[in-house]
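Look for chain A in each of the two complexes below; its partner is chain B in the first and chain C in the second.
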Partner chain A sequence: MASVIVNGKEVEIGANERLNCIQAAAKAGVEIPAYCWHPALSVVASCRMCLVEVGDKKPDGTVAMQPKLVPGCQTPAKDGTVIVADSQKVKDARKATLEYLLLNHPLDCPTCDQAGECYLQDYSFDYGRGYSRLNEPKNIKPDKTYIGDQITLFTDRCIMCTRCVRFTREVTGSAELQVVSRGSHEEIDIFPGHPVNNPLAGNVVDLCPVGALCSKDFLYQQRVWWLKTQNSVCPGCSTGCSVTVDQNEDRVYRLKPRVNEKSQGHFMCDEGRFGWKYTHSEQRLTSAEIRSNGQTTSKDWDAVLKAVRTALQKAAGIGKGKIAAVLSPWMTVEEAWILGSYLKSLSSNVILALGPVRVSGQDDHFPKDIKGNVIQPVKFTIRAEKCPNRAGVEAVLKHLVGDVMPFEELLRLSSAGQFNAVYLVGGDPAGWISDLQAEAFSKVETVIVQDFLPSPVLKHATHVLPSGTFVEREGTYVNYKGLAQLVRRSVRGPDGSRPDSRILWELSERSGLVQTDAVRKEIASAVSALAALDHAELKNDGVLLSAAEPVGAK
Partner chain B sequence: MAKFEPVLFARIHKPDSTSLKSYQADGGYSRLKEFLSMAPADVANIVKDAGLRGRGGAGFPTGLKWTFLPKDHPGPIYLAINADESEPGTFNNRYLMELDPHQLIEGIMLACHAIKSNNAYLYLRYEYGRSYRVLDAAVKECYAAGLLGKNILGTGFNLDIVLHRGAGAYICGEETGLIESLEGKRAWPRIKPPFPAIEGLFRKPTIVNNVETLCCVTQILYRGGEWFKSIGVPPDPNNPRDPGSYGPKLYCVSGHVNKPCCVELPLGVTARELIEEHAGGVWKGRKAKAVVPGGISMGFLSDKELDTKLDFAGPGKVGCLGLGTAAVVVVDDQTSMVDVLYNCCRFMSHESCGQCTPCREGTAWMTKILERIRSGNGRLTDLDLLTEVAGSMGIIPGTTICGLSDGAAWPVKNAISKFRGDFEEYIKSGKASVTSAQKLMAVH
Partner chain C sequence: MTETAKKKNVRWVEEPEIGFWESTFVPAILSGLKTTLKHVIDRKPVTQQYPEVKPELPLHYRGVHRLNRDEKDRVKCVACMMCATACPANCISIEAQAAPPEWPDRDKFCKTFVLDELRCIYCGMCEEACPVDAIELTHIYDLTGETRSDLLYDREKLLSVFDKTKNDPRDPVRTRRGTLGPAAEFQQLPTLGPATVVPTADRAAKAETAGVIRTGGEVK
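Now for the complex of A and B:
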């Protein structure tokens, strides 16, 4: 086993891990500050913040240190590497580098979006000096308010780490950003007429360690210290990017990618990043309703749920009658399980169908060259399948009814008057049913619609159950490659709506409050394909359903 | 010491010295076939044994550099010739290229043979228009005469030389900056390792040599390593790491002298000898106050240090960075060091590539401080600040990607430690040597 010595403390590293000194030190719990280095980008070693003393421990126990400070990002950590990150020499170098970085920095923290999550602030506090020795005027570079539809550049705050430039060159391949001018006149800029509008553009805002690149969407909306952060999963496509949802007072302000090598890596696409706006739509359904002959007869949740239950039981009781349900690929595994098993318990020949899976174009791989050809290795993919949990819901349905009926087939049977009751779960914010398709349910006696936005089928609904979006859900999403990740509840939905899990929990007359953990255990022991849901790792980076770990291992 | 007979400059005063005919008449290319028939390693060994050190500034042993190439490399190996001569005060390559281009071309051929390269890229400083025209004509002459191209002189050796006019920046003369620029990118020096000998131009093994170095290669092969070793300064017996300073060197003398010149002398001549005997003394009957030993990034010699031997080790002994390009710039005793240093800093600030934080911000900051001192608003504490900034910019060996930061910091350290009196006097007198009009000019 290889080991490195960080600040005198020995720590083991994998023999084939290929770590640099920053990563090796992190394993020992020592933070080496850095600006230009990013694990997903190439090394340029230009910020000079990560200078450390590095040496080699010889087999006879003596240590030979290199005479000069070396950048930790550029220096590989091997067996016997000695890293000293807390000597006076290192501290002096950091202090000097920070002073240089702050020389021309405007120090407009009170009006800067990044304040509170700014590496320049953090490291200055930890390693810098409290005052500037610059007696001359600062360089003032003009702001560039338009470098992309979503991005604005405060040029004077930039510390020239070039992370954004490397991102557009190495990850998207679009190379819109560049460095212009030389020396202390250097600025980040776009090539004329080529703004940063690629589908991953928003990532440059996250990459920027200071407040130079800002998101126009989030700009001046919130001070970051008011935001409450919850780990979740982006529902935009079947890639299922790990994200954090930042909210304050039940209002989402932004989504940011969460580093998860098991899932998407470090980044996320703009479609997902800015795609949560429907959560706060004015159109949200906010009242549970019982409707008959165009009249709303009740708006009371308890009464509505009771009526739904009665209607379903009645339908199940009719000899030849049938219940059918459409389970949306936007539901969590737990929600699908509660609904599916409840309906199954009412009628053993219930028909369960998977809701429409929206597919848009082809999978979009990055990086691409100038002609749009994909360059290997692929670093990011936006998938064509625009729903988060087809795999998970399908697994539940397969377990419950064997063959999953295609949505089109269900529509055909419904038009033919085969069903007495249908339970329709929506969830696709872009709409999941057309007017024509909705007609299939016009003659069904009981049409229960559980959705958060209006859809054409609503006009045939006999029962409306306003549900929640992904930031209100709690449960598990399974992505395209079978990675199960937890979606966590971040905000409360608008008054009158209820998250799906609560609606279904109460509908199926389970006792007490919603306990997704308990449901997950139930699924893990019942459904062999989903046995891995019991794994403790699910709470962190998620767990692959095909994982080799023994089932139930904690 | 007997008068030194110039070797590199032997032909420069002859009429028509740039033509192939005249070069061949003087014995040029006469033994090329013989050398190209030798094993490449033998050629490399002759150069290595001669103790030739690179003339570009760092003084790295040339033969040793060649041995860093990977053995039996299957793909192409490149030679890049650094003719981006931009260290202030340096103009020796220009003489060699404009007045004796074939000596250089023969050196390129021999070096390429030694390192088994079939492609040489000559990176020429853009401003050297005449050098370009002369070299271009010389290369064309060689192609026409079968000295370049396929199967040179029937030896089976192929070589193409590409002339590339530079991108007009000081940093393009840095080894890896040059390679980046040659590839068509911004001349941002690369991080090392990998060194160019392993992964250089177009990600292939590359050797970068200076023009004067390659001219020396020609002379070493024609005259032998022993001849080369008979010139210059042998290694210091007390310093096992000193490889010695052998061979002739082109010294460029400029600044406040009567007769600025480029003169070929054995390594180890003193600054005083250069000024008094070759440059006609300090102008206007004045005395020298400071002398730059080898381009401004090497620092300053004070008037008491004029007897320093200008070999690869000499300037280092009196606190300078090194010999550099052996461009001696003389400052007379009527000139304030504040103004001299300001000029140095302004140049370095203008030429910093802006990649590393200390260099990008430090050079600009030092320039601003000196601007303020020159406008009459200096404080005595500024001197300590300047020293500290210079200290954190370049801690030898360097803490930045390339040596520009060290080179920018060194004159500041030297000037303040050796001429502190000048600075204090300037600050105390509160005089301003810049008028507001000049200040405006400096800004724009």
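Now for the complex of A and C:
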């Protein structure tokens, strides 16, 4: 077993782990500060913040130290490597580096959006000198307000770590960013006429360790210390990127990728990053309604739920196969289970269909070369399947009804007047049903619509249940490769709406408040394909349902 | 500590003995009557003649807030929201907006600035926190309103308080500092000492005042 000595403390590293000194020290619980190094990008060793003393422990026990400080990011840790990160020499080097980085930094922390999550602030506080000896005026460069549709550059705050440049070269392959000029006149810039508008552009804002690259969407909206963060999953496509949802006073302000090697890695796409705006749409449905002959007769939640229950029970009593339900691939596994098992308990012949799965274009792989050819190895993929949980809902439906009816088949049966009651769950913010498809439900006696945005089918609805978006849900999403991850509730929805799980919980007359944990246990013991949901790891990075056979693979 | 040492350190106070005169209570009654008589003779009024006569307030009195204007009559606030962060009563809400291109010295300014004067506890933390000295507390204390919303002071109202009080000697505009306060613009900031320990060999330690931070301009 290989072992590394960090600050005099011995720590084991795996024989095949290829770690640099920063990672090896992190294993020993020692932080080595770094700006330019990022685990997903190549090493340039240009910021000089991670300088440490490194040496070798010989088999006879003697230690030979290298005479100079070396960058920790560039120095591999192997068996017997000695890392000293707390000597006076190292501390002095850090102080000198920070003083140098701050020479031309404007120190406009009060108006800087990064303040509070800025590495320059943190490291200056932890390792810096605390005062400046500069007598000369600072070299202030003009801001570049347009380097991309979503990105603005405060040139003077930049510390030239070149993380953003390397990202556009190595992960997207589009290489829009570059360093121009030299010395203290160095600046990040774009090639004229080629702004950073690639589908992963927003990541350069997260990568920037200081406040140089800012997102125009979030700029000046909030101070970061006001935001409350909740771990969740992006519902934009079936990749299911791990994200954090940042909110304040029930308003979402931004989504940021959360590092999860099991899921997507370090990054996320702009479509997901900025695609949550419908959550605060003016058009959100906010009142539960019972409608008859075009008139709204009640707007009281209790009355509506009671009427829905009565209507479903009535339809179930009429005869065989008279209830049908469309379960949206935007529902969580738990919600699909509550609804599916409730309808199943009413009538054993209930027809359950999976809602339309929106597919747009082809899977988009990165990096790409200038002609758009994908370069191997693929580092990020935006999937064509634009819903988060087809695999999960399909697994629940397969368990409950054997084979899942396609949505078109259900429409055909509905037009033929086969059903007395249909329960439609929407959830796709881009619309999930067309005017023509909605006509299929015009003759049905009871049409229950559970959705958060208006859709063409609302005009045929007899019962409307305003539900919640992904930031209001609590449950599990299963991504394209069968990775189950937790979606957590971050905000309360608008007044009058309720999250899907609560609507279904109360509809199925379960007692007390919604307990997704209990439902998950129920599913894990009942559905063999989803047995892994009981795994404790689900609460961290998620759990693969089955490595051998992905759920719902056709 | 030993028992004897403990006793040594204890000083016992005996209850004073009441003598003959004290036990008659006459001296106590007389000294009370003396105070009463003093008030009968003394004709100086103690009632404050408010509102005809306004009280003299100390210079550091903390009353209604004002938002200062800079030399170009723009609102001085840079919407950094330090005051809202520092406020223990949560009475300040600010919306920031990017500064127009003709303001090259600013990144942002406050689009809206609402201060709930009813919720405020007049602690002056906002004034302390402000890096550009944009918010200050004035000597005005007699604010009234017919509804609660009357006392939600918005940006314009706070600026009008500045216009009303800027020439009042009791409310001097405390600084004329520009955009972003000390870190961005100061010439000289003598502190008690540097924030970190300076090695004696360091150049900074040999400066005439330790911890002087200089950013351009002539310094004595």
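In the analysis below, the second predicted complex is superposed on the first by the 544 of 554 C-alpha atoms of A that agree within 3 Å, B and C clash if a C-alpha of one lies under 4 Å from a C-alpha of the other, contacts with A are read in each partner's own complex, and residues count from 1 in each chain.
As a convention for this text, contacts are C-beta pairs under 8 Å (C-beta built on N, C-alpha and C of every residue); 3 or more make two chains touch, one makes a residue touch a chain.
What you see is a predicted model, and the numbers here were worked out from it, not measured in a lab.
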(message) Once both complexes are superposed via chain A, do chain B and chain C end up clashing or fitting?
(response) fit
(request) Go through the superposed model and pick first if A:Leu103 touches only chain B, second if only chain C, both, or neither. (result) first
(request) Applying the touch criterion given at the start, work out whether A:Arg129 contacts chain B, chain C, both or neither, answering first, second, both or neither. (result) second
(request) Quick one: classify A:Gly80 as touching chain B (first), chain C (second), both or neither. (result) neither
(request) May I ask you to decide whether A:Pro67 touches chain B, chain C, both, or neither, giving the answer as first, second, both or neither? (result) first
(request) In the overlay, answer first, second, both or neither for which of chain B and chain C A:Ala93 touches. (result) first
(request) Have a look at where A:Pro199 lands relative to chain B and chain C in the superposition and call it first, second, both or neither. (result) neither
(request) Go through the superposed model and pick first if A:Gly183 touches only chain B, second if only chain C, both, or neither. (result) first
(message) Which partner chains sit in contact with A:Ile159 here, chain B, chain C, both or neither? Use first/second/both/neither.
(response) first
(request) Once the structures are superposed on A, label A:Ser46 by its partner contacts, choosing first (chain B), second (chain C), both or neither. (result) first
(message) Rounded to the nearest 10 degrees, how wide is the angle at the Cα centre of chain A between the Cα centres of chain B and chain C?
(response) 80
(request) Counting touched residues of chain A, say whether chain B or chain C comes out ahead. (result) B
(message) Can you report the least C-alpha distance between chain B and chain C in the superposed arrangement, rounded to whole Å?
(response) 5
(message) Let me check the overlay on chain A: which residues of chain A are in contact with chain B and also with chain C?
(response) 133-136
(request) Provide the residue numbers of chain A that touch chain C in the complex, in ascending order. (result) 106-112, 128-138, 143, 154, 219-221, 223, 225-226
(message) For a test of understanding, state which residues of chain A touch chain B in their complex under the given definition.
(response) 43-49, 51, 67-69, 71, 74, 92-93, 96-97, 100-101, 103-104, 133-136, 139, 159-160, 179, 181-186
(request) Give every residue of chain C touching chain A within the complex, in rising order. (result) 78-82, 85, 96-98, 106-108, 131-132, 180-181, 183-184, 194-196, 203-204, 211, 213-216
(message) So in the complex, the part of chain B that touches chain A is made up of which residues?
(response) 169, 186, 191, 349-358, 360-365, 368-369, 371-372, 385, 392, 395-401
